[in-house]
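Each remark here refers to the structure printed beneath this line.
Chain nomenclature is as follows: A, B, C and D, assigned in order of appearance, with residue numbering initiated at 1 for each chain independently.
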Amino acid sequence: MPQAKPEEAILLLSCTDRKGLVSRISDFISSHEGNIVDLDEHADPDEGMFFIRVAWDMNLFTLPKDLVESAFAPIADKFEARWKIRFSGTRMNIAIFVSKYDHCLQELLWRQRLGEFPVNISMLISNHPDLEPLAKQDGIPFYHFPITPGNRQEQEEKEIRLLQESHVETIVLARYMQVLSSSFVCRYPERIINIHHSFLPAFIGGNPYKQAYERGVKIIGATSHYVTSEIDEGPIIEQDIARISHKDMVQDLIRKGRDLERIVLARALRYHSEHRILTHGNRTIVFD
Amino acid sequence: MPQAKPEEAILLLSCTDRKGLVSRISDFISSHEGNIVDLDEHADPDEGMFFIRVAWDMNLFTLPKDLVESAFAPIADKFEARWKIRFSGTRMNIAIFVSKYDHCLQELLWRQRLGEFPVNISMLISNHPDLEPLAKQDGIPFYHFPITPGNRQEQEEKEIRLLQESHVETIVLARYMQVLSSSFVCRYPERIINIHHSFLPAFIGGNPYKQAYERGVKIIGATSHYVTSEIDEGPIIEQDIARISHKDMVQDLIRKGRDLERIVLARALRYHSEHRILTHGNRTIVFD
Amino acid sequence: MPQAKPEEAILLLSCTDRKGLVSRISDFISSHEGNIVDLDEHADPDEGMFFIRVAWDMNLFTLPKDLVESAFAPIADKFEARWKIRFSGTRMNIAIFVSKYDHCLQELLWRQRLGEFPVNISMLISNHPDLEPLAKQDGIPFYHFPITPGNRQEQEEKEIRLLQESHVETIVLARYMQVLSSSFVCRYPERIINIHHSFLPAFIGGNPYKQAYERGVKIIGATSHYVTSEIDEGPIIEQDIARISHKDMVQDLIRKGRDLERIVLARALRYHSEHRILTHGNRTIVFD
Amino acid sequence: MPQAKPEEAILLLSCTDRKGLVSRISDFISSHEGNIVDLDEHADPDEGMFFIRVAWDMNLFTLPKDLVESAFAPIADKFEARWKIRFSGTRMNIAIFVSKYDHCLQELLWRQRLGEFPVNISMLISNHPDLEPLAKQDGIPFYHFPITPGNRQEQEEKEIRLLQESHVETIVLARYMQVLSSSFVCRYPERIINIHHSFLPAFIGGNPYKQAYERGVKIIGATSHYVTSEIDEGPIIEQDIARISHKDMVQDLIRKGRDLERIVLARALRYHSEHRILTHGNRTIVFD
């Protein structure tokens, strides 16, 4: 078991590149007796952008947690930055949406039991009742919202109410077989993580394994991405692949793909919940 | 250095699956005192198809090489099979088409010097003169056919005449930056091998590394395929991938992609020249 | 869900290479109206050995299952072959040995629920009581055999009695942290599958992740192998690797390694239970 | 072709971790109007060590290049750091040592022509004359130092004189089949890069592909490392692997291994020549 690590503050920040950014940020930290534990910086020369993730030890930091943001805000304002500060001791509330496939859910639940993610799984939401027993086993509330052609909007409104009541910050679609409405998606920008069972942008849409089989590819993939209102077009967080051959029928692609899907989705949730991801346009910067 | 191996006959055959196919083929071989050195069979249950590659030792085979095909033909006819028989001692004549990039060509020339391919490189054909020195170095004839908007058909006719005179069986497009006409392509079915610098079917067409960068993928690929009259749509022979990150600009994708392109094209040529590939529709069976 | 496939007979055979082997075997099958579904053959030129796996459809086969072996025996005798014939409809009885780590066990149980392995899990055996609940959940008998310095032989005898009563054919060590005695191991030749958490032969013995960290490798691995009386020296069935960096501490290696261990062990059990493995000396031939 | 990038200064530094290190370093840079282009930091919690690589733009930097080191020295002294500052415009002088195999050499020469490495290849040194033509082709001086059982010390002394006269900083052993003496090795600490054709620490010493074949591994590897006086035991810079099967004889391992060796060695030289590597004990920190 990993030892309890001392609490850390994590700053994620992006802005137009200019001189002195690292210096200004690190001075803020050291001026309050913080020790930088991890710093990863990326300057994009083509776009003139600056991206940074800094984690520092809160042990001897002279500012209390609830004052850190307001103390840092003037610096960020000067840079006209997009930014947030989070604390490693504060678990992120997440909801997992599922349908009938259990492999991604099982993977997340198993890793959660091992303490791999700094999250609380606040609830499971499904359009089918099948996976309720898995939720029960780990004491996680399960809500069943059947979706019919006519009731999506109504059901989504109920779901949103539930999510808000539980202060859910992030939604993980663990092979949830419904399309969320644009208005739902827009409420959770860069906070809905999907797993698509292909190597995007190849095989967008339905039945990607069948598409892959028919195209005769020699490698299949899985892609985890943030959901935007355009299906399968959001910023890609993580991808991985597996080699196949002519011996593999569609069923084999599905079987081999399951292993990819659960690993890729788990990695994406890990990066997201550890505050390792910044976006710029449709691209992600993942400080792994 | 690999030892000289005794000559082998190689049968590649596909037909509708039925009882007794392996038995009938292996009886043919053993009835003439042939010893099977390698046999790989694939039955596709969904399509009811049978595919086989058999290699046998010609050392003690009681039929002379020039009678093997006619002796086997009645068996193949009965199965209504697509088939061919080749001999490992007969090198395949190939032509390599290039433009200005040398990495794929260098790779093929280097491996050829090492004896990795059972081929003769009969000629290099290019729309630019730049790579002539590389051809000269290895004593390979180099022909320069500049392509202008108006002269493609005329130049292709000259190229075809050259290819025919040298009994070229297979054409390798080693980053040849021209599109061949349909009529050219149709003369060489499953005998033109291309390398496309993306993980097909993602990023079809021009500038795939730029497309990949803009989509923000985390993995890039290269694909070798047989050329058909639809661009980038022919049967895929081999693919491979490399991991990238947000640190990689388009230039880095190009650099990392070069390593993929040359390895993937070399593998494809190896499979092809060793008679390891059957096609069915738009898919390949690669007996590796 | 995969469709129920018609029953198949599977022959695994190895012998000294000679002319007519494939012919003789395929004739046996076709003479009884069997249709070969899958055939994979390997001739080792250095050792003059012949290895084959053939699967054929039993649907219209004119010999009943219980007579197939005796009908084939004269052929195998003539070749002085090592061989066995199994039927796809007969599930292999296996026992899983565990200690406290649950990741490999969870993986096997989950895949078993999905129908990925043609096995019955007859029992779990452990030197600790911790994982009993997982066994219960799937209705699998769990036996607790604590091992102390003095009682190993006695406990193993009880275990063997249990295994025999349940007709267990194969034992899977899913991170079982005890060394089995030579006499135990010798009773189950090529029938005990272990997962070692390193890229063998690197880091034999205890604490391989710590060893790997200290050596500063950039890639870690996991290895599944048959257990022989020499620790970590048995024939290797499957291996896989994961990339690490200087950022990964021992705890990270353990975390990343878990994903490898469970995937590699699952693949090995799949190959073994589908009768895809032959051995020759300390090497395996895996017809995948 | 990559555009000419503005000159950068690169600081590599390691010391005991303490508060304010990043702040102190970035203040130094920004106080002289430098803009940080790339910063990668690693704190090792187990060992209490701090590692950093910072690159900044020299364009508007107010200190001239020849004063940068002396200006930074007091800061480094205070931290009791190991450190160096290099400039991207100053190419590193390297010597390549070879014997008879050309694949690694060809790879390095080809990439050098493409401008992938910020190095000058000052000379080739070999114990055989075979590869002189390759050196000539690129106008690189070639020196032949045959090694006999009795003359190693004498020849090494001549080699060292040559290396010193040409201000060679780093030596690349591109499949050089001689062992360098301890006294030679000690003159170039962390400045001799070797490629070993196995996945170290597996298969140390001679004939690793034969060893791998005999052990029956399913994956082979190659390892690039700094040379120390203990053979194959120096800090590992980079490793990669390729999957093999029972079909691969020793010759196939050699063929597949060649592709690994050249790629892995090229990556290692890239990291080294771009000043991306720090060592700590027997481990490397590679800021890629």
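Brief remarks follow.
The criterion applied here is as follows: a contact is a pair of C-beta atoms (placed from the backbone, for glycine too) under 8 Å apart; a residue touches a chain by one contact, two chains touch by 3 or more.
Note that this is a predicted model, so its numbers are computed, not measured.
Common partners of chain B and chain C, by the touch rule above, are A, D.
When chain centres are set by their Cα atoms, the one at the greatest distance from chain C is D. A count of C-beta contacts for the chain pairs A-C and A-B puts A-B on top.
Averaging C-alpha coordinates per chain places the centre of chain A 42 Å away from that of chain B.
Centroid to centroid, with C-alpha atoms defining each point, chain A and chain C lie 37 Å apart. Along chain A, residues 42, 45 each make contact with two or more other chains.
On the side of chain D, the complex with chain C involves touching residues 42, 44-46, 51, 199-203, 214-219, 221, 235-241, 245-247, 249-250, 282-286.
Those residues of chain D lying in contact with chain B across their complex are 2, 103, 106, 110, 114, 116, 251, 255, 259, 263.
Those residues of chain B that touch chain C in the complex are listed here as 17-24, 26-27, 29-30, 33-43, 45.
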